[in-house]
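What follows is a short report on a single structure.
Order of writing sets the labels: A, B, C, D and E. Residues in every chain begin at 1.
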Amino acid sequence: MDLQTKLRQEARKLLEEKLVDVVIGYEDEGAPLRTTPCFITDPQDVDRLVWNPFCDHNLARYLTARKDKAAVVAKGCDTRAIVVLINENQIERKNVNILGMPCGGIVDRKKIYNHLKNGDVREAVLKDKVITVKGLEFTADLMVDDFLADCCLSCRHRNPVLCDVQIGENLPPLDVKDEYKKIKQLEESTSEERWEYFRKTLSKCIRCYACREACPLCYCQQCFTDQNFPAWVGKTTDISDTIVFHIMRAFHTTGRCVDCGACERSCPNNVDIRMLTKKIAKDVKELFGDEAGLQLEEKAPLSFYNEDDPQDFIK
Amino acid sequence: MQEQPENWEPRIIAFLCSWCSYAGADLAGVSRRRYSPNVRIVKVPCSGRVNPFYIVKSLQQGCDGVLVSGCHPGECHYSNGNYYARRRFAILKRLLEYIGLEEGRVHFSWVSASEGDKFAKVVNEVTETVRKLGPATRLVKHSPVDGVVN
Amino acid sequence: MRTTPRILSSEKIMKTIKKDKINTVLDFLIKKYQVFGPVQKDDLVVDFGRIQNGAQACLEFSNTNEPAKKLFFPQAETLFSYTGSDAAQVSELKPEKPRIIFGMRPCDAKSLSLLDAVFDGPDYKDPYYIVKRKNTTIFTLACRRPRSNCFCDSLGIGPFSKKDTDVFMADLGDRYVFEPITPGGADILNKIPGLENARPTDAERLKNLRSEAESKVARKVDLDNLPEKLARIFDHPFWDGIHQKCLGCGICTYLCPTCHCFDIVDEQKDDKGRRIRIWDSCSYPTFTLEASGHNPRATGKERMRQRLMHKFRYFVENYGEIACVGCGRCINHCPVGSDLIREIENINNLK
Amino acid sequence: MKNAASKYWRIPLDADRVKTPKGKIHILKERCKGCGFCIEYCPRDVLEFSDEFNEKAYHPPRVKDEKLCLCCHLCELVCPEYAIWSTEEKDEELHHP
Amino acid sequence: MAPRIGVYVCHCGGNISEVVDIQKVMESLEGPVDVVQIKDHEHICSEVGQKLILNDIKENKLDRVVIAACSPQFQGITFMKTMEHAGLSPYVLEMANIREQCSWPHYDYPQEATKKAIDLTKMSLAKARLDIPLEKKVIPIGKRVLIIGGGIAGIQAALDLGDAGFQVYLVEKDPSIGGKMAQLSKTFPTEDCAACILSPKMADVPNNPNIKLMTSTEVKDISGYIGNYQVTVTRKALYVDPDKCTCCDKCVEACPVTVPNEYDEGLTTRKAIYLPSPIAVPHSYILDDKTCLGLFPLACSKCKEVCEPNAIDYDVYPTEEKFTVDTIIVATGFDIYDARQKRVYGLGKYENVFNALEMERMLAYAGEGKPLKDIGNRIAFIQCVGSRDEQVEHEYCSRVCCMYATKLACLLNRERPGKEIYIFYTDLRAYGKGFEEYYKRAQSEGIKYIRGRVAEILEDPKTKKLTLRAEDTLSRKIIESEFNTVVLSVGLIPNEGTRHVAGLLGLSRSQDGFLKEAHLKFRPVDTLIEGVFLAGTVQGPKDIPDSVAQAGAASSRAISLMNKGVYEAEPITAQIDESICIGCGMCADVCAYKAIEITVVDAHTGKKTAVVNEFLCKGCGTCAATCRSGAADVIGVSDHQISKMIEVM
């Protein structure tokens, strides 16, 4: 029995036995190469739930606003985000029923459109590991594994870190080769080159804050961007303000970011946001040995310290 | 060496914790210990009080250098403010230098109330390092953006 | 609605030019005008940018990521700056060199007329917008290949619409054809060297291309008496479900050619400062946050409802037209895949 | 007991003026079952296992340092076989611990 | 309405005006509409200066004052008092440090110093504009004080406070109070016997109804704040009931165990059950379960068998006691330097080398008329052992060694004339009252003072005699001579009790390891923790008169706080904006004082946010810097104020 059917079965059981008020999952509304989050409350509707490599949203994002009992379809990175949210008192463990999905990686739509030179895909059919895309003047068969998202290529937690029910067997760990290759390349270049790189990619930002809204960890009632007296960061697309917004948002994910890639996927102008969050995750690992969202009751690195923390940079 | 406009002097802001480093600075003054006059000191209760935005905002305002100084680990008047600050600055310094801020713009030090000499040495050293880098350009927020799309 | 001066049919002489010579047209225009056109920013993103030489323009594109509105109502704009506490010194708005926007799609052109209604309406004249609008001549480029989420003809625009532009262009395959629509457009067109008069067969060819393009517009939406339907369902439970997946990220409003809401903030240092107008979005909670802390649109439900109500009902009541041009940007770029057309269909199906 | 590291490393100067009881230890090797209670519980750590065997092949205890014994009789009390006891030697000559 | 700020630029009698161009500073401050008045003054901190401020505040209706002068940590309190006299909150005063940070360190760059002075004053102005007229927070405060350490300083403080009607808890780790002074023979410079002058004071302690004496007791934990210190102490089990014990001493005879007696620095022996010292207060025997042959299992019990009044009970266990006090005086005293670390002097190797405290005990030893040890006729004292010595990281002078060596020399000399006593010193420190005269008298009595550091001591294995080699820097000769006994004048170092208490209270320590006073000149017995004071050698080496004086000072400081009945706490504390806080709990995690808790603030919606306990919060601001959404801030040092100060750059 394939995972999708098993997922629907579990969801129907939860709803029928009134264990949860809603099942948050993914639904296919017919748009090519993508699914959309859905909120199933009626057991009959569980057949709308799908499970395929296009289920890319981090559904933990929807848990912070809810007061009711919710079941959520969660990949490895999503469950890590849920652990962080529980540790930060944003959701209660008893209010969330986690349907853990071992995940082989999700497809990055932008990579496909890149490959197709931004061709207009009108239809996409997935048949075990092969996507057949059709446009008005072209068709093509694409292998799922060739278009996985960057964060999935270096994923160390393909299996749920925490779940009530796990749908499907654990996947073998991915042998991740040089997880921080891009970051290291940038680190080795000169500061002028790095500045030019970030000035260029961040000048595309139009301050729409989609990256902030897509991220499950950005649940603040009022973000520092909306703060007045003092207003720390300007609201225009002046390059200095945009850079300050992005480095400070990234700074606020220190030791919390689970690298689910939701921020980069939601950006309309393809800003390389993960180049910042991934760098901080690398530093946190090197300096403090921490990884985000692995245990409950785990303290975030910046609200914890050791007597012998590294301080070679301090005179 | 960056070519600098003539008679340019680095402008450096320093956040000193009031119990140790600020007292150290006072001691440097009391013992007439000469050090370069490029630093403007802002007194904060503890190095743990220094919000990352203070450093970023200083750089945006055009400060050529930023120094944050607090009590030595173990001597913090509030017992662990400097420990949290140490972690915060470790991440922030690497991030700033990663996005292209020149190394040597942002400095951190531990100066206790009895280390007047060390404070003077740190200020001189920071001033010379910043002088070599020339005036701040990156992250500096320039005059208003005009209407036309860049 | 603004009446744009139309040319008498007799002066409508169509001009054409070889496709590979299009750069010379641009180079000529660049000498006397500030020319803006679609520029390839990276492999997926094409956006309007200042063109310094003809080669920079990329006319083989579907549509720009950000709408042409940003050339008239930019993301951030200094209204005036002030020093000390005395009277503010308004940065007087002298129009710079006249501008040409080359290669705008008909849907964006239509959106400008909707923005005109707002920024250049009977009761409110926005000087910043008007000075840019008057200083700009528009060359629209017909849409040979509408994308899967385009539905411009449901709004009565269509890929080959000739409305709201100064010069209509179309790609005949080997040549570009130019058709002046307004006297301004005609003046400029006549000055461009190297243009030959269109061949008799071109008009016929143009008509075929037009119907072919219109057939490619895949999606339709039934908009008639949508405003009345919306008026009736303000408290309908339909709204409880529709907003749940919306992240409130504001992309659909930032990239929508017709959205024109803005926020005004000051940036001040010591006694010098400036007042800035920046884009804002009804999907942000802070959009309606009041000083008391009360927020009339506290949850995503009210905010999502407001977006649809404003575009398809309030705007119609105020300006007589629906505030949508069917460009499909909000559908293409929504991170969670919510689809405007499907939402309108759901509304139509409500009892 | 004094160890070199402690603050009071010196042998007290008036040690010879203080009389302390001196115990003599008697062991019936054959009765011993090698349980080791006396060795373990002796507060002055006077006894240790000897390497020789008694008939039942147990190791009876052996006196490490007779001078340490203060004749507190604890070994007597804990020995299940009454195989060990101490008697107080009259103080013909003084010794210090 | 707009603030009305008064600015005062001080000349500091030339200290500032000789470098900083005062006129230029004042001119450059003109402009902002809310700076209503700019004045300069020769000594703004003087009586006249303060009157000027007072009048200006009244006449010009100032509501904020900026003073560009010395460091706020120098004259800050003076000006805060002036503000209070003028009816303004002391927290709308800002000081620009244009002396210690401008004129003094940059006296050879006058232009830059002036520019810097202008910037610093503008920064103070920027902060002053956003100052809030805070009022001190008021906490009710009782009359209960905890004194840690029962040496002469602790005793004196307890008696002062007890006599003044305050409830005193005197906690002493050892079985008896008296501390190091009780171990001395005589005291300099008057040579009156230590026990004779100390015993009556020690006796007064249990007799004073307001003093609760707790010996053999250690402080386990202290939490809370001034007016509400929750103290937990653990009392050792002593196994002897003081009321029943008749001090007949039979148990001591019966006890088989002999261990070095701490009271005599290990020179004499004591039994496991013993009387701590002849002048012990409380005067009762105790059983030391560490050296007893064993109570679990009961090994010996000879003492119980001979105790007729049946005062010994083995079934007693350490107890824990909790109580609340309003102020605390730390008087945990000192330890002597373990001279064995100075290999070259041979303490622990050579038989006839002693440290000064051991010599004190030998002199005081009165057992059966026979001295503990025949110390012979030629005695040498070596000064500065473990003090003024960078090798052992004790650069400080222990202040008392020169005088106690002189005293010991005089006593030994007088005991049996004909002795030759040498004192090898580097600088003879006879600074106190009557010290110089005593030093002169000692020389006249034949004590020979040699100005030279002893390089090495060698022992003749057979005769156990000691040959000293030293260079007499006055006569330029190398002296090598033989002595029967050498006494090392050991310095004073911080003890384990000081480290333990400093950890409990979060007290900082100065470079020499002793506890750091709030301000060396102005607040020598205060600490930076409100309501916690220091007395005696815990704050640094000193002699008995100074310790007693400090005990009196600490008591009066505590009384001055407790007498008011209320304590005004610093209002500069953290503040959480509940409308923004999302209850993530990071601020609570980082708060060293556990002053923030995540609590439900709206029972209806169950919304949880952080809530600050104003009395616990010390205003360090770590929570404000950790808070991501900017909900946490510090009143008085707010993000907005600092942001405005940065904008001056």
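The definition used in the following text is that a contact is a pair of C-beta atoms (placed from the backbone, for glycine too) under 8 Å apart; a residue touches a chain by one contact, two chains touch by 3 or more.
From a predicted model like this one, the values you see are computed outputs, not experimental measurements.
Look at all chain centres (mean of CA atoms) and spot the one farthest from the centre of chain D.
Farthest chain from chain D, going by C-alpha centroids: C.
Taking the mean of all protein CA atoms as the centre, name the chain whose own CA mean is closest to it.
B
Going by the touch criterion at the top, tell me which pair is linked by more C-beta contacts: A-E or A-B.
Greater number of contacting C-beta pairs: A-B.
If we define chain centres by averaging CA atoms, which chain lands farthest from chain E? Would you check?
That would be chain C.
If you average the CA atoms of chain A and of chain B, how far apart do the two points sit, in angstrom?
Averaging C-alpha atoms per chain gives centres 36 Å apart.
Report, in whole Å, the distance between the mean C-alpha point of chain C and the mean C-alpha point of chain E.
75
When the centre of a chain is set as the mean of its C-alpha atoms, what distance in Å lies between chain B and chain E?
Whole-Å distance between the two chain centres: 34.
Could you grab the centroid distance between chain A and chain D? Build each centroid from C-alpha atoms only and quote it in angstrom.
73
By the touch rule stated above, which residues of chain C touch at least two different other chains?
Counting only residues that touch two or more other chains, chain C contributes 75-76, 267, 269, 276.
What residues in chain B touch two or more of the other chains?
Each of 52-53, 57, 61, 80, 84, 88, 145 in chain B touches at least two other chains.
Which residues of chain E touch chain A once you look at their complex with the stated criterion?
Counting only chain E, the residues touching chain A are 579-586, 589-590, 598, 608, 626, 628-631, 639-640, 643-644.
Given the complex with chain A, which residues does chain B contribute to the contact?
Of all residues in chain B, those touching chain A are 52-53, 56-57, 60, 73-74, 80, 83-84, 86-103, 107-110, 122, 125, 138-142, 145, 150.
What part of chain E is in contact with chain C in the complex they form?
31-33, 579, 647-648
Okay, in this complex, where on chain A does chain C touch?
29, 31-32, 34-39, 57, 61-62, 110, 113-114, 117-118, 120-122, 136, 204, 206-210, 212-214, 222, 226, 231, 234-238, 262, 265-266, 268-270
What residues on chain B touch chain E, complex-wise?
It is residues 9, 11, 13, 18-19, 22-23, 25-26, 28-30, 32-35, 37-38, 40-46, 48-54, 57-58, 61-63, 71, 75, 77-81, 84-85, 88, 112, 114, 120 of chain B that touch chain E.
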